[in-house]
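Next come two complexes, and both contain chain A; in the first it sits with chain B, in the second with chain C.
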Partner chain A sequence: MSDVNYISAFCRISSGKVNVNHSIMFTGEQDEAPPAFIKSVYKHYQLNYPKFYKMDSLCQLGFIASELLLKDNKLTEKYNKEEIAIVISNGSSSLEIDTEHQQTISDKANYFPSPAVFVYTLPNILIGEIAIRNLIKGENTFFIFDKFDAQFTAQYINSLLNSGRAESCIAGWVDFYEGNYDAFLYTVEKTQGVIRAEHTAEQLLNIYK
Partner chain B sequence: MNELIDKLKGEIIEQLNLEDVKKEDIDNDAPLFGEGLGLDSIDALELIVLLEKNYGIKVANPADGKKIFQSIRTMAQYIQDNKK
Partner chain C sequence: MKLESYIIADNIISPLGFSTEENFAQLKQMRTGVQRLEKSALSPEPVCAAVIDARRLDDEFKKLDTSTPYTRLEQLFILSISDTLKQNPAIDIRSPKTLLILSSTKGNIDLLDPENKGKFDKKRLFLWETGNMITQHFGNPNKALVVSNACISGVLAIILGKRLLEENTYDTIIVSGGDIMTHFVVSGFQSFKAVSSEVCKPYDAARDGISLGEACGTVVLTNDKTKVKGTAIAVKGGSSSNDANHISGPSRTGDGLLLAIERTLKEANMDASQVAYISGHGTATLYNDEMEAQAITTARLQDVPMNSLKSYFGHTLGAAGIIESIIGIQSMRSNTLIGTYNYNQPGVTKPVNIIKKTTESTVDNCLKTAAGFGGCNAAVLFSKEA
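Coming up: the complex of A and B.
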């Protein structure tokens, strides 16, 4: 079996645009605030997932990116649930919702922490949301880096696939903090998909510009 | 009572981020969990916080929750009986 793995599809949501496999599929209103833009994308695609509005912004962003990524490349129809890994990274962890939680506990006289906010105060909850939605049970890891580390990501995921710990992977970078957002999710498989690119750091950086 | 039910519906929609739900969509006697609004365990905790934050009511015995949060009407009744 060849050790070459492929980036089979990708979805990028940043700067008010949704890019799926090099096609701009949706553009938000000019100057639309990030949370409103994310909800616009959700409504535009009629994703209809009751838990969506309960998620924090990081999860909403990653959830939508995963939905659009998997829409035409349904990994769960090609692989067993245990064979699909999820490896995501970002730079801001869950700081956006951490700050919101902190504000609910900073005043001892008005101390009402929200359980629904608190449950999102870890970045890997995003992986959980994607896994629950798609019933995925494979390996999963969330890394924190200063910026998207294509070299590490490619090496780590190729190792997962080449060692037989996964047959495919949902991977990438999902970051949301203080009005800045960027989601880049892609699928890695042992066969080529619509994106004919080997899963290497160079190819990742060609796509994630 | 009807005024309290109406107010409570608005508070629940806001507190639980039920963005696609309108007050008129919530049946006063429909189950809040499972069928009906389909709330989950985290929502149950949010409702407990709502009672304390908005009405000063502490649910001391968690076992009481099943009765209190059966429907909007039972919740409103509990508030009316225990509001400080």
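Coming up: the complex of A and C.
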């Protein structure tokens, strides 16, 4: 089998815009706060997934990106669910919700740590949420980089596919911290999709600008 | 020909000691590092936890003679890696062919605590900055690869090391995992009602929750067998998986962990009947230990001697997969299986073969398993080579 892999589809949510496969699909209100923008995207697409409201902002953002990414490219219909990998990275880990958990314990007189908050204080919970939604069981790893590392991401996922450890992959970058947010999720497959881009660092940086 | 990965140095820092040997000697005697702390900064209530002695950490770190201020976790990483460098002069940490992989769930999360406000730059909260601090300390030219994947982080980091060595971009990979005890983590697990009021009891009928702990561990891997000193131990296979079931509760059937185990054995080209020893995850929660027993039995590994080290070290989160792997490796080197502290009565519905007392036995290989929040599972297999 060829060692060439393809970026078959992508979804980017940043700066108040939803971009799916190079088309701006939705634009938020001007100066909308990030959590409100994320909820308006959810409502716009009528995603109807009650667990969404339990999620922290990082998971809400990544979850929506994964839904829009997979809407027209249903990996789970093409591949065995054990052969789909999920590899996501970000810069801020779960610091947004970490700060929230810290606030519940800093004051001994007002002490109320909550399991519903604490469970989200791990970045890979996002991978779990996407896996649960789509029943994906393959390889999963969450990395922390100072910025999206196209070089490493391309190299590592290509080696996962080329060594037979996965047949396809949901990959990318999902970050949410102190009012800054950015989601870029894409699918990697052995066959071309609507995007027609080889899965290389250069092509990734052409898309993720 | 696929390039193999060999272990050429290792270190554990825990309440039981500052080297692999020191820790292993304590475990052989079945001495635990978990203690009941009546009063501590970790919790408003008494708590059982494994905490590294602050004075010893301070003394050991002073010996390094560095003037840069480092956080508690960074000190642990630096000490742990420094010890491995002393063991094997073939490790060139300044080489562009050497990569550092860090495994941590919470990094410098203690810096969020108002008591630590202003002690360090806010940037130090980011795990990638922890990576920068460590690579800069040692003069390593590459950006550290940071894995933060809940309680499988350590096992995953070793698997990643093996995979990157196959590609030959690097010839040496230093895999270091660490997490510290904080009020942040203790309060969170307490809110889940997941913390035992005593030293935890893995796989036992009376188990009632976890003990938390702090530790740091380092394994150095290479794809150059000539750098091995003594017994050659290779990483033969490894895999991760997801239950796709629940973000905080393990699968009831153990199917996710089973998948990771089966793929690991396949990659290692081994049958279940050839596995000599299993270093389990064994957190001592009702559901985790039951899930593991289901997976182990379905994989036909129920007769293989198995232990959990959580009742010695506590659950050390991002360090767990690494320090527990190192104990497994040391068990292979010394042909000694460590008994599971606090295990008395079988307490899982499938009969698994839990090691009660430390025994001498030929140990040719070790299967290490892990599972964590987010439904993640991982397994890795180490094997002795002639």
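Methods note: the second predicted complex is superposed on the first by the 209 of 209 C-alpha atoms of A that agree within 3 Å, B and C clash if a C-alpha of one lies under 4 Å from a C-alpha of the other, contacts with A are read in each partner's own complex, and residues count from 1 in each chain.
By definition in this document, a contact is a pair of C-beta atoms (placed from the backbone, for glycine too) under 8 Å apart; a residue touches a chain by one contact, two chains touch by 3 or more.
Quick caveat: nothing in here was measured; it's all calculated off a predicted structure.
Student: Determine, for the superposed arrangement built on chain A, whether chain B and chain C clash or fit.
Tutor: fit
Student: In the superposed arrangement, does A:79 touch chain B (first), chain C (second), both or neither?
Tutor: A:79 contacts neither chain B nor chain C.
Student: After superposition on the shared chain, which partner residues are touched by A:50: those of chain B (first), chain C (second), both, or neither?
Tutor: first
Student: Identify the partner contact of A:26: answer first if only chain B is touched, second if only chain C is, both if each is, neither if none is.
Tutor: After superposing on A, A:26 lies clear of both chain B and chain C.
Student: Which partner does A:115 contact after superposing on A: first (chain B), second (chain C), both, neither?
Tutor: A:115: touches chain B and chain C.
Student: Considering only touches as defined above, state whether A:208 meets chain B (first), chain C (second), both or neither.
Tutor: neither
Student: Please name the chain, chain B or chain C, that touches the greater number of residues in chain A.
Tutor: Touching more residues of chain A than the other partner does is C.
Student: Write the angle, vertex at the C-alpha centre of chain A, between the C-alpha centres of chain B and chain C, to the nearest 10 degrees.
Tutor: Vertex chain A, arms to chain B and chain C: 80 degrees.
Student: What does the superposition give for the shortest Cα distance from chain B to chain C, in Å?
Tutor: 7
Student: Which chain A residues contact chain B in one complex and chain C in the other?
Tutor: Shared contact residues on chain A: 113-115, 119.
Student: How about chain B: which of its residues touch chain A in the complex?
Tutor: Touching chain A: residues 16-20, 38, 42-43, 45-46, 49, 52-53 of chain B.
Student: Going by the contact rule at the top, pick out the chain A residues touching chain B in the complex.
Tutor: Touching chain B from chain A are residues 50, 53-54, 112-116, 119.
Student: Quick one: in the complex, what on chain A touches chain C?
Tutor: Residues in contact with chain C: 81-82, 86, 91-93, 95, 98-99, 101-102, 104-106, 108, 111, 113-115, 118-119, 121-129, 131-132, 134-146, 149, 152, 155-156, 159, 163, 165.
Student: Which positions of chain C touch chain A when the two form their complex?
Tutor: 44, 105-107, 109, 112-114, 125-129, 131-132, 143, 145-150, 156, 160, 163-164, 166-167, 169, 183-184, 187-192, 239-248, 255-256, 259, 263, 372-376
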